[in-house]
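Which chain is which? They are A, B, C and D, in the order written, and residues in each are numbered from 1.
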């Protein structure tokens, strides 16, 4: 029997290793796997590389993980936002490394990994500082840079509803990076608002099929 | 009379065609949606996976799962839909948007755009979706105040700030003018009342050619 | 007002030009845009290059278009099936050109075009006849071939329900190539079983957002 | 006693682990789903976007929109879901399937697979999803009759037919044996009753090494 449900947050994040690449879903305050990020503090993994759109806000979730000095490097498109105090402090002190990637390229690079491809040619960032050091190539009259797959050891994602097979649905713009991250990591862990019976999710509306999800934990919305 | 910020937004809104798919950058461009001419249906896209962005919700009606790229609460219009980030940037990068209206620090007379960083050493840089949008939408138009607060031109021969993309801007709306970027440089289409072409040239680093049918730039009180 | 509905099949396919690349949805007998293919015969376009998974079965749809000698070349993964009589006859006589592409690479190449990318490195077909002539490259110890985007001038797709904005849903495995083809062509034309009021399709379950669709025509299932 | 085709399928089914995601090739492998041991939940994927393929429907219950990659009517199991072709091949190519069970014309002792064309000049070639599956699934196992009807070996030193993929096959189930492909070539794991290793070697082109714990290959009457 397939049953990807786990009983608590500690079980959900168990086994994440030092040095892991952790894909962390969400955009702004929507679809953030805050509880999973905080459970990682307890779990104890260090020297993490986190891939996320933002670098955490306030003191919760990813910000808490950074405050606990578990994140060596962050790969993101927009680290600064109102309340990204933890990141800014660490960055100013040189205690966290930043790799800046355009927002659509972060998600495309993760999809590239998920799809088993070796890389893709992108027109984004050509002629800018972010293209420096990248291989350039003209194809049919347009210049592209080569982008490489970005794969996670772990993905922490937030979804709305899930079932024991790991099928997931999302709500509105809380979908954001979560479905792509679920596909792009060896171990995908989801916090969901509600776990429903197998068969309760309409097969036509499942956004993340269970094949991409390894563990899920129910976490009523607060 | 120079236009107010809201009047710049009003002027840009007049050029949006019925049925257009449009992305509005953070800041000044966001105001454009308030001034769509009666009878036109424009579909606004937000990078975080919302197609059909509607007006801000009422005071207590905000849904934390429904935000725009600026992380402000929004609504969804009838006919709107949600996609994940990778599909959202497929729309953006793949030329599916008719137009992106963006803010800028500087625009060159080749159409180069600088709008992502001022290299302020106090803050970590953030690029967000700026580079994806700048190369992806069918047409890039910029809304910007003609000069900095200190009076320095923002319409230049060569951008001093780091580029977002090369040769992409097609039209610029400022408080003083509407200017097209052509293969021969800046073409002045409309000029605010109270300033003449030589006065405008003094506030513009790159040379301006006046269009044969140069018109006054007027906007209602908004 | 956005209204992509057209009154009949002739209007739906109007303007397709000689030599066009036509993406044609469906897999087996599911999700085939048969009525649109047949309407193309009347429309008159010649020398078409058709991209499809199969090369038509029986005498309807794509098979009828081929029988009318309108298809110069077909790009597909599996031309032969029970009943692919028209294709086999033309092929035996050397009257149709065949380009064979692995099934997943057809869809990935169309997505590549839809996403504004210049190409991607694929592990599929390495060491086989279908990789001959393709650029090979080793990336992180694995050999890939470079695959190029495959863009359509026109896409003919079949969907279940649609609205006046062009939003579409599908039924079961009739989804297949249709959503990707809708994104990958300059002109996407959909035949749908039912046109519903704007707002009747749940924003969470729309598979093809209207931005990708240009025309739709209602065609009750027979 | 050589195994029947259904017994080969039965034997292959015994190796599928509870919770595995599996793609079954057209023909012989399709029979495997009939013999899943009691109590195991296996999720079958079909290339055309079905995750959770169920048994064939009753005589009058077939839905033309629900077919498998062999274009036969199927059902969807509880917990199953639908995706479009590009996402389906992302699953396949990206290593998300635990196993693909494929048919073959030939398999070499390096694990090379030839299963897409015999170059029969009477028919146009078709590749379908064979090459995508062969490089994408975590493990490739082959179900094949040990020799052709004419008695020629199908387990060879070097494939004569055009390759589908190089060095991918890990295990082979035939009517006479279960054979693993190792870095030292074919390793005989199980042998049918009524034939000895030298008799089997006579039907096998490449050298066989018998495993130290060589077992009889037995299957119930199915």
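Note that contacts are C-beta pairs under 8 Å (C-beta built on N, C-alpha and C of every residue); 3 or more make two chains touch, one makes a residue touch a chain.
All of these numbers come straight from a predicted model, not from anything done at the bench.
Undergrad: Comparing the two chain pairs, does B-C have more C-beta contacts than C-D, or is it the other way round?
TA: Top pair by contacting C-beta pairs is C-D.
Undergrad: Taking A-D as the reference interface, identify its repeat among C-D, B-C or A-B, namely the pair sharing over half of the contact pairs by residue number.
TA: Comparing residue numbers across C-D, B-C or A-B, the repeat of A-D turns out to be B-C.
Undergrad: With chain centres taken as the means of their Cα atoms, state the distance from chain A to chain C in Å.
TA: Taking the average C-alpha coordinate of chain A and of chain C, the gap between them is 33 Å.
Undergrad: At what distance in angstrom does the C-alpha mean of chain D lie from that of chain B?
TA: Centre-to-centre distance between chain B and chain D: 56 Å.
Undergrad: How many Å are there between the centre of chain C and the centre of chain D, using C-alpha atoms for each centre?
TA: Measuring from centre to centre gives 30 Å for this pair.
Undergrad: From the C-alpha centre of chain B to that of chain C, how far is it in Å?
TA: Between these chains, centre-to-centre, one finds 35 Å.
Undergrad: For chain B, give me the residues that contact two or more of the other chains.
TA: Within chain B, residues 76, 82-83, 89, 93, 135-136 contact more than one other chain.
Undergrad: Listing for chain C: what residues touch at least two other chains?
TA: If we look for residues of chain C contacting two or more partner chains, we find 108, 111, 115-117, 122-123, 170-172, 203-204.
Undergrad: Provide the residue numbers of chain D that touch chain C in the complex, in ascending order.
TA: 46-50, 63-68, 71, 76, 82-86, 88-89, 92-93, 112, 123-132, 135-136, 162-166
Undergrad: Given the complex with chain C, which residues does chain B contribute to the contact?
TA: Its residues touching chain C are 18-19, 21, 39, 41, 43, 45, 51-52, 76, 78-83, 89-91, 93-97, 135-136.
Undergrad: Quick check: in the complex, which residue numbers of chain A touch chain D?
TA: 1-2, 111, 113-117, 163-165, 167, 183, 198-199, 201, 203-204, 206, 209-212
Undergrad: For the complex, give me every residue of chain C touching chain D.
TA: 27-31, 53, 55, 77-81, 87-88, 91, 98, 100-105, 107-108, 110-111, 122-130, 170-180, 207
Undergrad: Please output the residues of chain A touching chain C within their complex, sorted ascending.
TA: Those in contact with chain C are residues 108, 112, 115-123, 137, 139-140, 142, 144, 148, 169-172, 202-205.
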